[in-house]
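Labels run A, B, C, D and E following the written order; every chain starts at residue 1.
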Amino acid sequence: MEFLHSILIKPFADMATAPDFLLQVLWEGTVSGTLYALIALGFVLIFKSSRIFNFAQGIMVVFAALTLVGLHENGVPALLAVPITLAVMYVLAMSIERVVLRPLVNQPDIILFMATIGITLFLIGFGEIIFGGENKRMITEELMIPTGSFEFEPFGGFLLIEQKDVTAVVGAVILVLALLMFLNKSKMGRAIRALGDDHQAALSVGISLSTIWVLVWFIAGVVALVTGIAWGARAGVSFALEVIAYKALPVLMLGGLESVSGAIIGGLLIGILEKLFEIYWGQPLLGGNTETWFAYVFALFVLLFRPQGLFGEKIIERV
Amino acid sequence: QDTLKLPNMSYRTGPFAATGTPHQNGQLDYMTMLNERDGGINGVKIAFDECETGYNTEKGVECYERLKSEGALVTQPWSTGITLQVLPRTNVDKIPMFGPSYGFSAMQDGKTFKWAFNAPTSYWDGASMIMTALGDGDVANLNGKKIAFLHLDHPYGKEPIPLFEKLAAEHGFTFLPIPVGLTEMQNQSAQWLQIRRERPDYVIMWGWGAMNAGAVTEAVKTRYPMDQFVSVWWGAHNPDLKLVGADGKGYRALSWNFTDSEAPVMQDIKKHVVDAGKSQIDQAGGEFDSMAYQRGVLMSVILAEAVRVAQDHAGTPNINQEQVRWGLENLNMDEARLAELGVEGMMGPLKTTCANHTGNAGAWMVQWDGEKFEKVSELLSADRALIDPLVEEEAAKYAAANAPWPTNEECSM
Amino acid sequence: MNAHTAGTQFIAADDDGVAKGDTLLEVKNVSLSFGGVKAITNISFDVKKGEIRAIIGPNGAGKTSMLNVINGFYTPQEGTITFRGQQRRAMKPHHAVRQGIARTFQNVALFKGMTTLDNIMAGRSVHMKRNIGWQMLWHGPALAEEIEHREKVEEIIDFLEIEHIRRTPVGKLPYGLQKRVELGRALAMEPSLLLLDEPMAGMNLEEKEDMSRFIIDVNQQRGTTIALIEHDMGVVMDLSDRVVVLDYGKKIADGAPDEVKNDQSVIDAYLGVAH
Amino acid sequence: MTASHASEPQPADTILAVNNIEVIYDHVILVLKGVSLSVPRGGITALLGANGAGKTTTLKAISNLLRAERGEVTKGNIVFEGEQVQALSPNELVRRGCIQVMEGRHCFGHLSIEDNLLTGAFTRRDGNAAIREDLDLVYQYFPRLKVRRQSQAGYTSGGEQQMTAIGRALMSRPKMILLDEPSMGLAPQLVEEIFEIVKKLNEEQGVSFLLAEQNTNIALRYAKYGYILESGRIVLDGEAQALRENEDVKEFYLGVGGEGRRSFKDVKHYKRRKRWLA
Amino acid sequence: MLYRVAGQYKTSYKADFALFPVRQDAWLLAFILVLAFVVFPMTASEFVFRTLLIPVLIYSLAALGLNILTGYAGQLSLGTGAFMGVGAYACYKLMTIFPGLNLLAAVLMSGFVSAAIGVAFGLPSLRIKGFYLAIATLAAQFFLVWLFQKWGWLYNYSASGAIQVPNISILGFTFAGPTAPAINQYFFVLCTVTLITFVAINLTRGRIGRQWKAVRDMDIAAELVGINLMKAKLLAFFVSSYIIGVAGALFVFLWRGAAEANLFDIPLSFRVLFIAIIGGLGSILGNYLGAILIVALPVIISGVPAALGLPLTPATVDHLNIMIIGALIILFLILEPHGLARLWAVAREKLIIWPFPH
């Protein structure tokens, strides 16, 4: 009885008694969710265009952010560092296409997946040689991202919303809308989706794999840079950031591996639910730190009912 | 034998490199300085080889085996995980293990852990000193307060929990452990939401690597009063605080070392190593003046002193593992000796014995003033009456779990 | 299965309790739709023991879907299937196999990474019994069983003349040979009803002749009942005993090949010019 | 070689020439052992042969899709419109007007039929209106596709997918189409229709065709010239008319012995018969 | 000349079913076994045992387990590390609850615990496929590691939350714990690995193996030829997790000597996955080749700069090392996507037809 009370009633009572706090939790969840969604977005783009499960997305985030910060540390003005970083991401996309993807066209998914792990390791080693291991400050102010905060007093309580988080959320939403337009309305978008279905057939109708892959990996690089700035603004930039890739995987699973809107909705859903669960159930009842697995278990549960995620493409099963 | 093989298991890569690198730079630079200035210790050059582990236990084991086969005189594991692996083997391989101010607090018990050392101080000592300081000299003053313990969810982070729990039971404060997972280090909003909800009177941090930076930024963001936020020595780390700058004013940490870039030892390092271009430190970033770097220097000071003591005792500059062990067990770094070594004021006096492998040097509270750390207390010391029995109990437990476990009967507590 | 059949015939005679000429399979009022698409509308027909029954119709008529319904891969929204006297609507495909329905597929569905031999051996899974314990040991009963079944499989391989590709991973084989391996796999299941979905698509004349021969032999020597989808009218007219014609999910004709061939609605819907 | 070379088209109006190519898969499996053929501009040329003879491989070698299967052309060269093209990427070839319809359909399963068709226009630069026009043309050729144009290709029937694949290739406005087994799995009247479409495109728009086909009968009816491939070698070539009258071709590919068409039921032996060369 | 197979005829299916229909292969195996059982023990140093031989064997075993699931049954799993953890903690609990238990029995029994949990987490595979399943296995990964951290009973409530292996002897030989000589541990591991490899070979070449491969290549078709998908998949999860569990128990008891929950975290899973893929999915031999490449090679490369006298700091060496491993993975995938085992098979083909090119 006691037990049931603590899992079924008390958490909700807590929510009701401190609504301002609940709002804060929801907001924090939204922000985390947006950040997860941003990483997931990079995965989705690449998956959609090539069925490659790009494990390197996490390290691309680190790499992009470190390049930006590193350039700035070496005296390049922030607003110039951004285009240079983009150029670097473009070169990266091109090299990956040339060295890794092109020779592996039409190989089984798992092989390409492994190859991206290879890329990850390579970039970790390479990045650490260039940038070193220490935690660096993101150049938030220099990029003219507002750093102040809004404070509200809802329900006589206290709600704190940081401006840079607002920027991240708004930025993510714009990015998603733009990508949706691009994928669904443009010729490139259609080619990207075609490529995901069948590499060889795409080649045969004259879709240029190299062009598309470079393009897609570059867009993923841009998404990575945005992600890197948003995360970096919270806790600095270092290679420790690489592990955040794991936070994006359940988002993908939930939203569907090839759905852009799935990434954002899945991200928000997971961000908010995992925060609620941790605060109201995990910490009081399970010893905390449930965020490491909650998203996975939740997504797994949803998958049992929708094996392709909430918005993913149905697996075509025919004989 | 023409060199003293004193290798280090460093990690300049991976998620914890941010804290590892400056410490290991400090350790390395002091040894290099000895080689440059004095030609080693008592005329024997030091081979301070590094073996990179990336804070990865697996590589740690590989390093251990490699260094052992190369005739290492000491093991400096630099991670609780690796310490765990190596600790049981010390008795067999007979190589002393030196984990300055990390590893197991129970390693203090030299009778049980004949080959393991964690001088100058242990985590339990640290926990006790912090609690005493927070209670203004008496933990009893914390009665009725709520104390949150933000820690890495890892053996290292869990290490002081038994001590806090004991204190909480004795003195009637509420103890609230808040774990931070490895993947959550960068985004601790759940933890800080919990802190906001629970409104603890103090937050004590046992963090490492990217976690500390994350916590400091979150604390600033959630407007947690900085002067109620205290860390163990690893949190006295300048780059973490530089992220928040003036907003971090008031943040405190317990540190067994303090910076003094003018101290003779630092000047010698500057002259013989840094200015000679033999250091890997980031000079522009102010690493030389940082707490972590100078802490690393002191770690090597202690080890070199042990070697010296051992050489004197053995009557030969060429010593073996057993003799290094003896040296670590017979350190006597009083004020005078500290001054001779040129580290006066940088650390508290230290004396180890056969029974006490920690030496229980004291520590200071240091506070971030917006730009750098300042000493804000006298040299504190831990509550021995509280810790020693706990050490004995835990050591006995360890020995029982690993029976048959040889104890060093030569020394009695 | 009867293991003691005399003679060199590679497959045991079929004794599923249905006499030759009786109804083996009956499809009654079956309808199937996918979302809005009506693939099959209220179709009934039967297959008699021992005959070769052809199903023809234009592309998208619902022929493949019909086979999918028969072997349990799709569950029809309406109607019933009666096989060997047992009536059902839904069932798991692997149960259908156990009951004696085997098939080949329109788009070859072989196990691409496995060799020809393994593919056909996989077809015998249903007949192999040794448990995991024996399998772990391999020597002894598991090996004996393996050899016993290997012999049968080798006979099929001989019969289909695919000895030379026994150890080739089937993914690398040309299409025509893949189709043959697929037939081999279906035969290995020792079915009493064999469903063939366009077994001769993509073959040249010579190969079609070979394939026809295989089909006739299976049908005659073993008495296996066959339902066949094929677009080559020559093959259909020559081989089949009766033909059912589907058009956009509806049955438009059913009867002997000659009747069907001259049926005007069939000519309009499917044949185009009379052959 | 049994056929005369006199009738071979002059190089000047040859749109595609394959000269003595050798193809190896996986570094070890030698599949084509010196294949040469040519297609005249505005011609329809058939490539005939048994399963595994190497027809598909030849076509893929031309359209440069081999690399994706770990195959490579190790000898010889391929000339399209007077230029060597072995080194070009497949999309460049499509841009230049040479497109392949792959064997086994290869539709984009998750795209609608219409989107599938539109992907065919990827290399085109002549604006949406022109593309729309061609789309209507394709729908005219294949009315069934118009009905199902919003369906996901993965769920359409085999024949519908085949039509989609051919329609998709037409969308690129090619000068030359490499057609791999277009009749496979199509209903008889559709087969006729497709070949009629081939003929129409050929006559009205001057598109050249190289078609690999098992249905020798119909292929030789529409093609002007034919090559017969056995185990990676060309064993016979000639005008379609001549081939149709060749006794061996009649016996093995057309199924007409001396006394008219054989019934499939009457084939009494199924032992492999002797090949010409192998 | 080395691989002349001409003249070796098989006169019965039994002979054809022999493990090594080609005589040279049998010789090669005999040679390797002699190397493993006689030559290495006589020559290897403790360093070689502890950093090369023992880990290579244990990792091979874990990769073998994963390979059964991923390479044979086609179910991609990223949770290997956690299942190794289950094996390790199970063995620890068994040894602490029944201190007199024979170590071999404990190791083999702990596999069953991991197998049971593997089957539980395998249940979703009946509905979830491909990468979705792979991510779902991460649920097992993260949840189990969290459990290892939070459930004090598992580590006997030790303060650090870690487990320590006590000294364990059988018949007077110490096999586990700090005093165990490396050579004893090596033999223990070698025998266990040999035994399980033998069983795995048998399983994969018989009916069950065929069913797995069928499920992998095309699960719909597998069902349509009468294979019970549920049974086949769950059996694959069972066998795979069993082997992985045993590997985990060996990992901690015969090699590491102590473990904390984070040891079983995702990097371990990936490591094993690398080995299985680089070695070759769907191959038994590949696991050994992969383990040699992934486990032993870094140990060897990291010694190279020093041996060459290059003035690189250990950190740079390590960074270079990571880069090289990453590049090697990509290189090997491009060279032969089916792994080292296939590379060996091709080489063998060439040796058979040598000196002719085709």
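Basically, a contact is a pair of C-beta atoms (placed from the backbone, for glycine too) under 8 Å apart; a residue touches a chain by one contact, two chains touch by 3 or more.
Small disclaimer: the values here were computed from a predicted structure and weren't measured.
Compared with chain E, the chain whose C-alpha mean position is the greatest distance off is D. Chain centres computed from CA atoms place C at the largest separation from chain A.
Note on chain placement: the centre of chain A and the centre of chain C lie 48 Å apart, centres being C-alpha means. Put simply, the C-alpha centre of chain B and that of chain D have 75 angstrom between them. The distance from the centre of chain C to the centre of chain E, each centre being the mean of the chain's C-alpha atoms, comes to 41 Å. Residues of chain B found to touch two or more other chains are 12-13, 21, 153, 181-182.
For chain C, residues that reach two or more other chains under the stated contact definition are 64, 73, 105-107, 109. The multi-chain contact residues of chain A, meaning those touching 2 or more other chains, are 124, 128, 246, 287, 289, 292, 319. Those residues of chain D whose C-beta lies close enough to touch chain A in the complex are 63, 65, 67-69, 89-95, 99-102, 106-111, 115-116, 118-123, 152, 154-155, 168-169, 172.
Those residues of chain A that touch chain D in the complex are listed here as 105-106, 187, 190-191, 193-194, 196-211, 313, 316, 318. In the complex of the two chains, the chain C residues touching chain D come out as 34, 37, 57-61, 64, 106-107, 161, 172-177, 198, 201-210, 212-214, 216, 231-235, 238-239, 270-273, 275. The part of chain E that touches chain D in the complex is made up of residues 346, 349-350, 358. If you check the complex, the residues on chain C that touch chain E are 71, 73, 92-94, 97-98, 102-103, 105, 109-114, 118, 121-123, 125-126, 128, 130, 132, 135-138, 142-143, 145-147, 150-151, 154, 185-186, 189.
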